[in-house]
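I have placed the structure first, in the form of structure tokens, so that the comments after it can refer back to it.
A, B, C, D and E are the chain letters, set down in written order, and residue numbers restart from 1 in every chain.
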Amino acid sequence: MSVLEIQHLTKRFAGLVAVNDLSFAVKERSIHSLIGPNGSGKTTTINMIDGVFLPTEGKVIFNGVDITGKPTYEISRLGLGRTFQNIKLFNTLTVKENLMVGGQMFYAKSNILRFLFDIPGARREEKALSEAADQVLEFMKMQDVADKTVGGLPYGMLKMVELARTMMTKPRLILLDEPAAGLNPSERKQLIDILFHIFESGVDLFLIEHNMDVVMNISHNITVINFGSKIAEGVPKEIQNNPEVIKAYLGDRYQKQA
Amino acid sequence: MTIAMQLLVSGIAMGFVYALVGIEYTLIWNSMGLLNFGHEKVIMLGAYIYAGSMILDMGLGFIPGIMGAVILVAALGVVVAVSIFIPLRNMNRLCAIMATVMLGNIINEAVRLYYGPEAMTVKGFMSGTFRLGSLVVAKAYIYIIMIALVIVFLLNLFMKCTKVGKAMRCVASNKTAAALMGINVRSNMAITTAISFAICCVLGIAIIPVSSVNASMATMISLKGFAAGVIGSFGSLPGAILGGLILGVAENIAGMVFPSTFKDVVAFVFLIAVLMVKPTGILGKRR
Amino acid sequence: MSKTIKRYGYVLAVAAALLLPQVVSNTYYVTMFCLTLIYIIIAFGLNFITGMTGQMNLGTAGIFCLGAYTSALLTTKTSISPWIALIVVIGVGFLIGVGLGYPSFRLEGVYLSLTTIAFAEAVRQLANNMTDFTGGAQGVRNIPPFTVFGYEITSKIQNYYFILAFVILFGFISYRIMHSKWGRAFIAIRDNIDAVSTCGINTAHIKIIAFTLASVFGCVAGGLYAHYSSYINASTFTLNLSVTFVVMILIGGMGNLWGCILGAVIVSMLPEFLRFLGEYYQLTYSILILLCILFMPGGILSVVKKLKRKR
Amino acid sequence: MLEVKNIHASYGKVHVLHNVSIQVGEQEIVSIIGANGAGKSTLMRNIMGLYHPRSGDIRMDGESILRLKTDQIVKKGIVYVPEGREVFPDLSVEDNLEMGAFSRRYSAQKYKSLLEEVYEIYPRLKDRRKQLAGSLSGGEQQMVAIARGLMSEPKLIMFDEPSLGLAPVIVDEMFDVIVRINREKKLPVILVEQNAFAALSISNRCYVMENGVVTASGDSKVLMNSPEIKKAYLGG
Amino acid sequence: GGGQDNAGGTSAQNVENSGETEKTEAAAESGDPIKIGVMATLTGYPLNGEHMRNGVLMAIDEINENGGVLGRQLEADVQDCSNTTDVAINATNKLISEGVVGIIGPHYSSQGLAIESIIKEAQVPMLVGGTSPKFVNECDNDFLFRIRASDDLQAAAAAAYLVDEYGVTKVAILHGSDDFGTGGMQVAAKYFDSVGVEYCAQSFNNEDTDVTSQILKCINENCDGVMIWATEAAYPIVARQMSELGLQAPTITNPSLAVDSCLAQMEPSWVEGWYCVTDFLTNNTNQEVQDFIAAYQAEYGAEESVDLHCAAYYSAVYALADGIERAGSTNGEDVAKALRETKDVPGLVGDFNCNEDGEMIHEIILGQCKDLQIEYIDVIQ
């Protein structure tokens, strides 16, 4: 079974084919990576999965449900989380509040009229939400920054906050767009640990990454695209040795090392 | 039939007035990312300086008077840029917009205190009419159309082909990066403001024949001009002209169909309708 | 700890507001206070949409106008009780909120500002020109006052306390909403709207709620205004007034109840206190506000906070 | 060439740089490495006059540039390719590149040949030349930022995390480009990198920063073999 | 301010007005000046407060030189009402709290309507210049007086003149959409209905810069007479476009045309031969008017134009002073009662004779425009 299935996805921007008839599937209980040269259409693919862009053609099936063309918020409610290539957080809120925004659709569902009139009920919901946030913070080992405003935090921490916020949406699968970009080797190690930790808690991962340490170390499967089309697919070992991938993406250095 | 034609012609003429205002909004927006809600008052100030100081007080001729007024207002633009826009450049947009509103109030009060409360006009300035069969167009409108076209042409040339013009767009788009390119952000903003004030001044002078010089002479015009810019898609010069024409003609026709005081209402409702269908204006690109 | 201090602050403010007209009982001042209170309600509402959600709303005067006219016309033409009119007014606020909120999730920035301006101008001109229905430029006169337990709220002091009750009620509602998931969602939209959708939140929905809150608050304020002043006239509800409301929350400090209160107090009372300057008072007022914006872009409250931190 | 002497810098009340000194000689590649938040970008911003240090001095060719405005510093020939791209999103790729040459007066010919030169380095940009920079992919924007920096024929160029978001093959090429311009144009380079291994291998000298303080500096080859550096920055 | 005065002693029930009464009575004993409030549009738009204030100050100076009123000096307290309702309310309250004996102004009916109930409650007589017919007649207010001829009179007279003199069959009524313009139109319409003349009423907003469609509609309807009822600002535009588009027919207007600054913006050909009804004409040969003009220009400069704003409110001060003198006290109720009995007090805009509605002026002047001068034709009672 696969959690996510992409079928013949195509995206055209005025005169430019960013993604071209792309199909692949993310198996259940797996970490799947999508790699490819700059501008090959990776972010565009994620945007189509997530409902930010409407695909020109093709279908996206998540958990057996056709989510093509659904708005982002609905897709996210179905259990598909994501992080962004350039971090998108709520800078004036604290870390915990960021998490609480992430979880409010899932832990506090009352509408505004009920909220206004049912005061004890509202308090109960707020408490449940706050507890859920505390749990995720503990899970991510971030309790010490909980009450800091996001604005002033270091870059690596922001990535963690974004990931934690995504965890609040009770995701089945998380799409990660270059999570390791801008992290140094030791931070990268921490990230890998956390990603594994998340994976073990039952969430599948789909990531885009240019950092081969991360990709090769954690992926079960890798799909490679170039100019919007798939050029290779397989386990890390195969990909590392695929001459086309080396030529288009990894470069000679990889060949030497491999 | 002739009535319909006459309405169309007047609508187009008025449309160019709106377009010119829309262009000025657009200029400041494109080059500073700022909405100048005070410009209504700058337009008025231009008219007062021209009529009150240059013509009535100093007795200059029409053309030297225009030059004097434009230079004076542009200089004021530099002062405003240095004292308000530049310090506010990194602030929240809302702050900057409200600052322009307050600037407008200040100009308004200053004009009242200096020139007194009475309306004035410049006799014989661009007056007369132009007849085409039974159609009548005030000469002033012809001048306005010409001025609008010349300004659009020059501005386009300036923005597209000169270094300073291009730098303006950079400053609007990303001030840090602009500074890193070696652009002097402050002087660039000052130049932009001066140009925009100068255009306001020309505008104010151009509408003297169609509305007398008084405190609220530009109120509706500037609101409609803003609307024209938005209808045509904000930031685009041809868009502003298109928007102005559509608005001018639409409200004139509405004035014939509905009781005429409702023509503004119709114009505004029409505007909301356009934005509902095309949220970024008629010439706007989808993001 | 700090939360309890904050609560004490509110209690103190309410106590001060209750005592105020006993100390300063001159009609001139009490009238001014009443108007200020009405403005505070509007500022509370606008705070949701402009202060927290970051959407530029320049149509508040239109909302205020519709609220005032609805209540005034209902009570003068059909002689129903102002209380029932108030319920209708809330309904009207609801409708405007949804009506204005709908474009707001498709429109951004200048396009939204213009839509709100166009709305307000259309409302004002309709009120001014539909002479048969609204009384046109001559306005609506002899609007009956509210009655509470059979007592008519007529004198200015009675009005003061009556409106104050509404301010407290709306302040309480605002406080609760601001410190709830809704408040967080509003701010989240301002900070980064794309990320809000990925949290499973329908941003359109949240924006509409913010708009609806603003317009319900604004309409209720309009209703109170009509019955308090007993005469309304379309020339009050100009674009200038809309701008004034934005200036209020900007001067006070956006996204903060204290900011709203402070802003409303300053903007509505400052010109009156400057009257001694004669001809120059409007000029002075504008310059002062401009200086405020230039030197305290975060609002007066931000300076207060900074001072507190220093200590 | 460039000399930063004992600067202290802060954002508001947050003190970020403590007594930092670095030097860049003629034709040298100097790398700066350090954890996130160490203050590397802050150092760059202070050199560029985007922020001004509280104390200390910054000299270019022996002349203090401490109090100069950013645009004057650029005219002195220092170019900074900032982190996080900072392209002009509403301008086309080509206009972005043209703005890179803003501080110089080139003949049309000179300009053309420069443009061709950077297009040769990043042919991808040539394909995208009319596209608005804001709609480029992350890596393409990074290329624009680097190419834009090269357009002004600087006397000193500073890169802040240039490899961020670039594909491995492009990263390798980019380091080659840096070495090449350094050799061919005799252009000194400051390179701030998270990719410490690559940075150390192409640079002559290196500074290591931690929490706003320079904790180690010296010859890159030597540092590369120091056990602490290996442990902290090279992942091994 | 008045706030501190009663902070201590007074109890809660009489807080409303006690402060002011105490103060005025205290003042009476000490022989302090009598304060007269002036509500002028000094900011906002349309502006005309300056002339009004000048006129009032001049009258007060003259009265003071001649010994004042009740042996006391008069003193003006000028407040801006900014031409918006809320500011007008605040200004009124401020004047009342400062213990004025009477209020002169405001000039606009809509503001008068907004504050009418306040002065009634505070029992301070108010002499307004707003001419909207609804206003004074419909307000059941003993403290409200009007010192200009009502539109009931003015607009009806204008309409009647068109009909009687020119025998028009269809009249174009071009009017502003504010209360003033609409009020005038309603009166005229009623008159035309009563005499069976058709009319075509077209309104425009004060901010409008283009009235093409209105004028074209009138031309389309073949109107053979024109009546314009609007504030000064509209005239240059309306007159210009009428002449451009060729709406030429006997035309009569409200007093705004007679204001110098309004005429100064016109080309002679636009308004040649137009009639206007007005309260005040500088070309009036009446000696008092000429004396006033001379005195005014001596005071404020020869190039200052003299218009009905200066004249009407100048006279209003005399009417108020007369009332106070006859009342023999500064008590609001007494003064109002005395004002109600005003008889034959001379004024520049006609003699003041108060009727039961509070209307004090019952005559208007008819003038005709010749080469941008309004020439005196007749007085209509």
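One rule holds in what follows: a residue touches a chain if its C-beta (ideal position, glycine included) is under 8 Å from a C-beta of that chain, and two chains touch if they have at least 3 such contacts.
In this text the structure is predicted, and so the values were computed from the model without any measurement.
Undergrad: Under the document's definition of touching, what chains do chain A and chain E have as common neighbours?
TA: Looking at chain E and chain A together, the chains touching each of them are C.
Undergrad: Could you tell me the least number of steps, going only between chains that touch, from chain A to chain D?
TA: 1
Undergrad: Under the document's definition of touching, what chains do chain C and chain D have as common neighbours?
TA: Touches both chain C and chain D: A, B.
Undergrad: Which chain maximises the distance between its CA centroid and that of chain D?
TA: E
Undergrad: Most remote chain relative to chain B, going by C-alpha centroids?
TA: Following the centroid criterion, the farthest chain would be A.
Undergrad: Centroid of chain B to centroid of chain C, CA atoms only: how many Å?
TA: 31
Undergrad: From the C-alpha centre of chain D to that of chain E, how far is it in Å?
TA: Inter-chain centre distance comes to 73 Å.
Undergrad: How far is the middle of chain A from the middle of chain B, if each middle is the mean of its Cα atoms, in Å?
TA: 47
Undergrad: So what's the Cα centroid distance for chain B and chain D, whole Å?
TA: 43
Undergrad: What are the residue numbers in chain C that touch two or more other chains?
TA: 125, 129, 279, 282
Undergrad: Touching at least two other chains at once: which residues of chain B meet that condition?
TA: In chain B, residues 109, 259, 261, 264 touch at least two other chains, as defined above.
Undergrad: Quick check on chain E: which residues sit in contact with 2+ other chains?
TA: In chain E, 43, 177, 203, 205 touch at least two other chains.
Undergrad: If we use the touch criterion from the header, which chain pairs count as touching?
TA: Result for touching pairs of chains: A-C, A-D, B-C, B-D, B-E, C-E.
Undergrad: In their complex, what parts of chain C are in touch with chain E?
TA: Residue positions touching the partner: 22-29, 31-32, 35, 125, 128-129, 131, 136-139, 141, 155-157, 229-233, 235-236, 238, 271-272, 275, 278-279, 281-282.
Undergrad: Going by the contact rule set out above, which residues of chain B touch chain C in the complex?
TA: 29, 35, 37, 84, 87-88, 91-95, 97-99, 101-103, 105-106, 109-110, 113, 223, 226-227, 230, 234, 259, 261-262, 264-265, 268-269, 271-272, 275-276, 279-281
Undergrad: Which residues of chain A touch chain D in their complex?
TA: For chain A paired with chain D, touching residues are 13, 16, 35-40, 42-44, 85-86, 152, 154-156, 178, 181-189, 210, 212-213, 248-254.
Undergrad: Within the complex, which stretch of chain A touches chain C?
TA: Spelled out, the residues of chain A in touch with chain C are 50-52, 71-73, 76-77, 81-82, 84, 88-93, 97-98, 100-106, 108, 112, 115-116, 119, 122, 125-126, 129, 165-166, 168-169.
Undergrad: Mind pulling up the chain B residues that touch chain D in the complex?
TA: Its residues touching chain D are 163, 166-167, 169-170, 172-174, 176-185.
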